[in-house]
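Alright, structures below, take your time with them.
Shared between the two complexes below is subunit A, which has subunit B as its partner in the first and subunit C in the second.
Up next, the complex of A and B:
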């Protein structure tokens, strides 16, 4: 403390420790926040094909395709500890070979300051809806969920889902040709 | 020694104590107010900015050796003439004086 540089050191070290404490308090103030939100999901144009999945083998696997509508107001999820949201749509279903199948069909990053309304009309899938076998044929209970990963400024990285889902059923016959 | 870019920068002991206390109070006060303000407007960047302002103010107040930090200069013992302090009697008497 007797020289200029030792005082620079002391003041900046103390300020940084204070910043660390404030950041922790910011995390603590948002730790118990409920990050769910109401979501409406609709789907249409459900198509099912049986095509070779060359990424795995030459066997034919089920490939679903659909269009979906989603409305969700994610504004309440942005508090002072939210940096951005990773929003994703998953299809969840049960097959004889797997108790739980989860396929991510679409995702979006919403940064702080972006429009936090999710309003999609007739949106096509961003990723292939592959089953790992032939579990989608005639499946009557495939649920679509919208979930999000809250990327904070400080603290944990919680996963939350919206309340509201859509149950879709796949046809009992494969669609032939290139009719997507 | 004790210079920064040609300027004398030392503080006396009382001044160092006062400077440390002052920057602790300033930084914590700005941090607390900034935290509350950031919570109110729901923007943590405001908290960081307020704390930054506190850091700048604390630096201005406590980094330069303002006269307020030099009010209690150390009273050094008077320098002794090395030629006369060789004898035994002189050195013992000077030790008694220090105590």
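Up next, the complex of A and C:
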């Protein structure tokens, strides 16, 4: 009746279902959490060039560049089901050719246990700010905002944005020459 | 003694019993298939559950983690989300993050992806001359995450003999096991 195999079977089945139930509770307990946080963003040194984007085509596209400051305290986002945050700065704008443009300019991975304060001063862009054409010249309404993707220990992968953004204006003339 | 038991079981089966065992087996296979196809309908994705096969999204996803996908047409693709996409000439779908989105008035969208653990964007992974992904390339978008579980499929794919041994063992067990 109580052979070794039947005991192994019972123990492993019970521990598997316990683990599954705990994992589900872990997911359920953080399903409705509000993961937003206040953010301040500032930008300066905004320049614009018109150069060929060879990775896409030979045509000249608008290439923006800027420095930015941002502060955010993301400590409250770490609960027992947060493994990691993927924090990223997005530029969103509308052009005559595209209704929605979103370009990620900078990102950072904050793992559990890392310092969860984002404090950047005069930060360079990590990625090129290429437009899909020539829509940035004289653009007065490019919004910068900071968002994050919450990577759980087990559960959903929501995207949340900080409250607070920055409205960016591009010059109405291209900068010539090599340097920014 | 353990072996004698099940041999005895088979010996005692009559024709009707054997037929019932095969029906039982077919029932298990078809319900597994139905669950998978049902998930495809509910999620709108051609593969609703995928196993992460590479380390390009570390430290978020490791090899063997499980992702649940949805692929609803009406949900727009936005920067920052994790998509699973197929590229012409590559059999295995890729799980990466959207870094750039350009969407036209009529909803036509093109986007660029990058793996969190990679230094460069994915243009080198796309088909020759392809600079952007489109809506049709998307297999699904990551909605849920469970760690480790998918490692079973990775082990099975790495050691096909082990896979066949497990499948054969399970099949034989179902066929000869009496309710």
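The rule is simple: the second predicted complex is superposed on the first by the 179 of 180 C-alpha atoms of A that agree within 3 Å, B and C clash if a C-alpha of one lies under 4 Å from a C-alpha of the other, contacts with A are read in each partner's own complex, and residues count from 1 in each chain.
Note that a residue touches a chain if its C-beta (ideal position, glycine included) is under 8 Å from a C-beta of that chain, and two chains touch if they have at least 3 such contacts.
Computed from a predicted model, the values in this text were never measured in an experiment.
Novice: Examine A:45 and indicate which partner it touches, taking first as subunit B and second as subunit C; both and neither are also allowed.
Specialist: In the superposition, A:45 contacts neither subunit B nor subunit C.
Novice: By the touch definition at the top of the document, which applies to A:57: first (subunit B), second (subunit C), both, or neither?
Specialist: second
Novice: If we overlay the two complexes on their shared chain A, which of subunit B and subunit C does A:8 touch? Say first, second, both or neither.
Specialist: Only subunit B is touched by A:8; subunit C is not.
Novice: If you stack the two complexes on chain A, which partner ends up touching A:153: first (subunit B), second (subunit C), both, or neither?
Specialist: both
Novice: Touch test for A:19: subunit B only (first), subunit C only (second), both, or neither?
Specialist: Touch status of A:19: first partner only.
Novice: In the three-chain superposition, say which chain, subunit B or subunit C, touches more residues of subunit A.
Specialist: Touching more of subunit A: C.
Novice: Quick one: classify A:169 as touching subunit B (first), subunit C (second), both or neither.
Specialist: neither
Novice: Which residues of subunit A are in contact with subunit B in one complex and with subunit C in the other?
Specialist: On subunit A, the residues that contact subunit B in one structure and subunit C in the other are 23, 153.
Novice: Which of the residues in subunit C come into contact with subunit A in the complex?
Specialist: Residues of subunit C touching subunit A: 59-61, 76, 78-82, 97, 99-105, 110, 116, 121, 123, 131-132, 142-147.
Novice: Which subunit B residues qualify as touching subunit A in the complex?
Specialist: On the subunit B side, the touching residues are 2, 4, 9-11, 16, 19-20, 23-24, 27-28, 31, 34-35, 38-39, 41-44, 47-48, 51, 54-55, 58-59, 62-65.
Novice: Touching residues of subunit A toward subunit B in the complex: what are they?
Specialist: Within the complex, subunit A touches subunit B at residues 1-5, 7-8, 10-12, 14-15, 18-19, 21-23, 25-26, 29, 78-81, 153.
Novice: Residue numbers of subunit A touching subunit C in their complex, please.
Specialist: 23, 27, 55-57, 83-84, 86, 88, 90, 92, 97-104, 109, 111, 127, 130, 132, 147, 149, 151-157, 159
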